[in-house]
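What follows is a pair of complexes built around chain A, which joins chain B in one and chain C in the other.
Here is the complex of A and B:
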């Protein structure tokens, strides 16, 4: 089963849920797809043992062959090429690596070079979680190719948990798009609710079943999330209470389940509940 | 006129709360919510909307099925895996609108269509005008919408002769973050003392360094882990990033937030309000010095 943990708003507890869920299960793989800020590593004490670079292609202009016809400049939808007097300049940061300029050039003056976009890292750890993370290089803009490459590391013989990037744009979609289930993590504040609605809308559009975990839950304020979930028939899978102790554990990179067995039981229950939803879904399709 | 963007790397460190409370203290400014993916500032400032506009910048390849001869060239040339290998249908989430398939199609069966990227709003708050936006779910190109919000706010400030444009940024280090800091005079980091908060701060600080923008920092919830707070302080000194203040962990700030109220406005004597006020003074001083 492949489960992605996501949220509209950042900082609601995606990584907390991903890591603690992974630590509550056997034969599991954790993929950290929050490649702009991969944070699961701080809770797993990983020993990184493998690293692979992810490259993308950037055009290189052969000025000898170039006749300054401008066709490539006019073609580029991202304004990554510009004409300076009679020379074509390339702006690698904004190039999307579509390869169009190379195809369009009538003089064959464009070749491509590799540029490192990010890295994938594998780690072993004492918890027996098979762990891969993607990391976008500083100054690079597009996370999607790194996430795509990371997902190819998915082991079909294991249950897979993907820690996604916050939001509802391409990087989050790339992480979740072929998952069996999405866990939406939120907090009981107006911000949490507003961003949960966006994430729920995304999941409806992608037609992936999902449920909600309320993090930093507090009795007197949970209702704003609960009301929304009840009205829209969304399962609330779990409430993780607000505790100063948790904030402290989080800050030090200590997974909560190591200190609280009860949470481990709760997360195993959540996993079973998700399993039955996914099973039903598969039967009805 | 000076522009300042508030970012954090990690989400949920308190960017928007800090921006909203600072806007009360600045009192006369232009606000821009550049977190177009998950905009929240309006929830605290309750702006009156004056103008809404559809923003179009995304492009998508569309196929005229009657002209398609199923040659599969579009599939071969697409680098974004947006063309289905069997039906040659185009996946709108994956398509980046580059136009390669359109240029290569021998039958002219493909064209690029301009799509709605989101909505952009001109509003007023009690502290001044606010420009904000809503990215369409699943949309690409949030960078362009962020640029548009930033530029509109700048224009507004020029027209009205406002001194300060305060910009709420988005989490991460990618495209929308880079768009939100382009051409600004100052960056304010809001970080928190956790291993992940610290690591994310370092990553986003490298981005800011890359663009050569002066930066200030606030440690929010600093007393959750004073050891890590000390480490962050050391790091900031080494990086020559001025620490303009620390905010205590307090449930009061969350209680006001839940009621969409500002702690600096409603509870002036609160310790947190005093801390934010002192931060504002230092930020303001630094902005003056930039002249």
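Here is the complex of A and C:
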């Protein structure tokens, strides 16, 4: 089963849920797809043992062949090319690697070269979680190819947990698009609710079943999320309470389930609940 | 000589200067020979990326030799330098004042990028 942990709002606890869920299960693989700031590593204390570069194509102009016709510059929707005094300049940072300029050049003056976009890292760790993380290089804008490559590391013989990037844009969609289920992590605040709505809308659009985990849950504010979930018939899978003990463990980089068996049991229950939803879904399709 | 000044609004010489090159709403193009002024809308002001490069292309295509603005990001700087366009700094005032101050030699020249791209 492939489960992606996502959220509209950042900082609600995707990593907390991903890491603790992974540590509550056997035969599991954790993929950190929050490639702009992968932080599951701070709780797994991994020893990285493998690294692979991810490349993308960027145009290279043969100035000898170029006749300054400007077709490539006019074609590029992303302003990654400019014509300055008869010379085409390439701005690799903003190039989306679509290859269009190469196709449109009538002089065949454009070839493509590889540029490192990011890296994938595998790690062993004392918790026995098969762990991969993607990292986008500083200055790069497009994390999707890194996430795509990361997902290819998924081991079909294991349950997969993907820690996605916050938000509801392309990187999050890429992480979740072929998952069996999405866990939407939120917090009981108006900001949490506002962005949860966007995430729920995204999941409806993608037609992937999902449920909600309320993190930093507090009795007197949970209603903010509960009302929305009840109205829209969305499962609330779990409430992780807002308590000092968790804050302290977090600050020390210690996964909560190592110190609290109850939470581990709860997460195993959540996993079984997700399993039956996914099963039902597969049967009805 | 043609001078480009980044402008906040479309009010001829009295337009207020804008201090962010790639995201300025207008470019005032002043021809110092004729004193003619043209205000061009910056179509790339709200582009998701590459606004600086696009703005540099726009003023280069108009034959501009000098840019007066507040800040120029790294990509725009590279494009403008390649286009032999000199950059001078201003932080407030009108387009008229910017051009006058440039002509009196009161503005300092930009020799490295001083702006950050908008995310």
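One rule holds in what follows: the second predicted complex is superposed on the first by the 285 of 285 C-alpha atoms of A that agree within 3 Å, B and C clash if a C-alpha of one lies under 4 Å from a C-alpha of the other, contacts with A are read in each partner's own complex, and residues count from 1 in each chain.
Quick note on the criterion: a residue touches a chain if its C-beta (ideal position, glycine included) is under 8 Å from a C-beta of that chain, and two chains touch if they have at least 3 such contacts.
Please read these numbers as outputs of a predicted model, since none were measured by experiment.
Chemist: Pick one for A:155: touches chain B only (first), chain C only (second), both, or neither.
Modeler: Touch partners of A:155: none, neither chain B nor chain C.
Chemist: I'd like to know which partner A:221 touches here: chain B for first, chain C for second, both or neither.
Modeler: first
Chemist: Between chain B and chain C, whom does A:104 touch in the aligned arrangement: first, second, both, or neither?
Modeler: First partner only, chain B.
Chemist: Where does A:141 make contact in the superposed view: on chain B (first), on chain C (second), on both, or on neither?
Modeler: The answer is both, since A:141 touches chain B and chain C.
Chemist: For A:280, select first, second, both or neither according to whether it touches chain B, chain C, the two together, or no partner.
Modeler: Neither partner.
Chemist: According to the contact criterion defined above, which of chain B and chain C contacts more residues of chain A?
Modeler: In the superposed model, B touches more residues of chain A.
Chemist: Let me test your reading of the model: by the given contact rule, A:51 touches which partner, first (chain B), second (chain C), both or neither?
Modeler: neither
Chemist: Looking at the overlay, what does A:178 touch: chain B (first), chain C (second), both, or neither?
Modeler: Touch status of A:178: no partner.
Chemist: Is A:79 touching the first partner chain B, the second partner chain C, both, or neither of them?
Modeler: In the superposed model, A:79 contacts chain C only, not chain B.
Chemist: Could you say whether A:195 touches chain B, chain C, both of them, or neither, answering first, second, both or neither?
Modeler: Touch status of A:195: first partner only.
Chemist: Which residues of chain A are in contact with chain B in one complex and with chain C in the other?
Modeler: 78, 141
Chemist: Which bits of chain A are touching chain C when the two form their complex?
Modeler: Touch list, chain A to chain C: 73, 78-80, 82-85, 87, 89, 91, 93-94, 141.
Chemist: Where on chain B is chain A touching in the complex?
Modeler: That would be residues 9-13, 16, 37-38, 40, 43-44, 59, 77, 79-81, 93, 96-100, 103-104, 112, 135, 137-140, 142-143, 170-175, 178, 192-197, 199-200, 203, 206-207, 210, 221, 224-225, 228, 249, 254, 257-258, 260 of chain B.
Chemist: Over in the complex, which chain C residues touch chain A? Could you list them?
Modeler: Answer in residue numbers: 44, 47, 49-51, 53-54, 56-57, 60, 75, 78-79, 82-84.
Chemist: In their complex, what parts of chain A are in touch with chain B?
Modeler: 8-12, 15, 36-37, 39, 42, 57, 75, 77-78, 96-100, 103-104, 136, 138-143, 148, 165-171, 173, 177, 187-191, 194-195, 198, 201-202, 205, 221, 244, 247-248, 250-253
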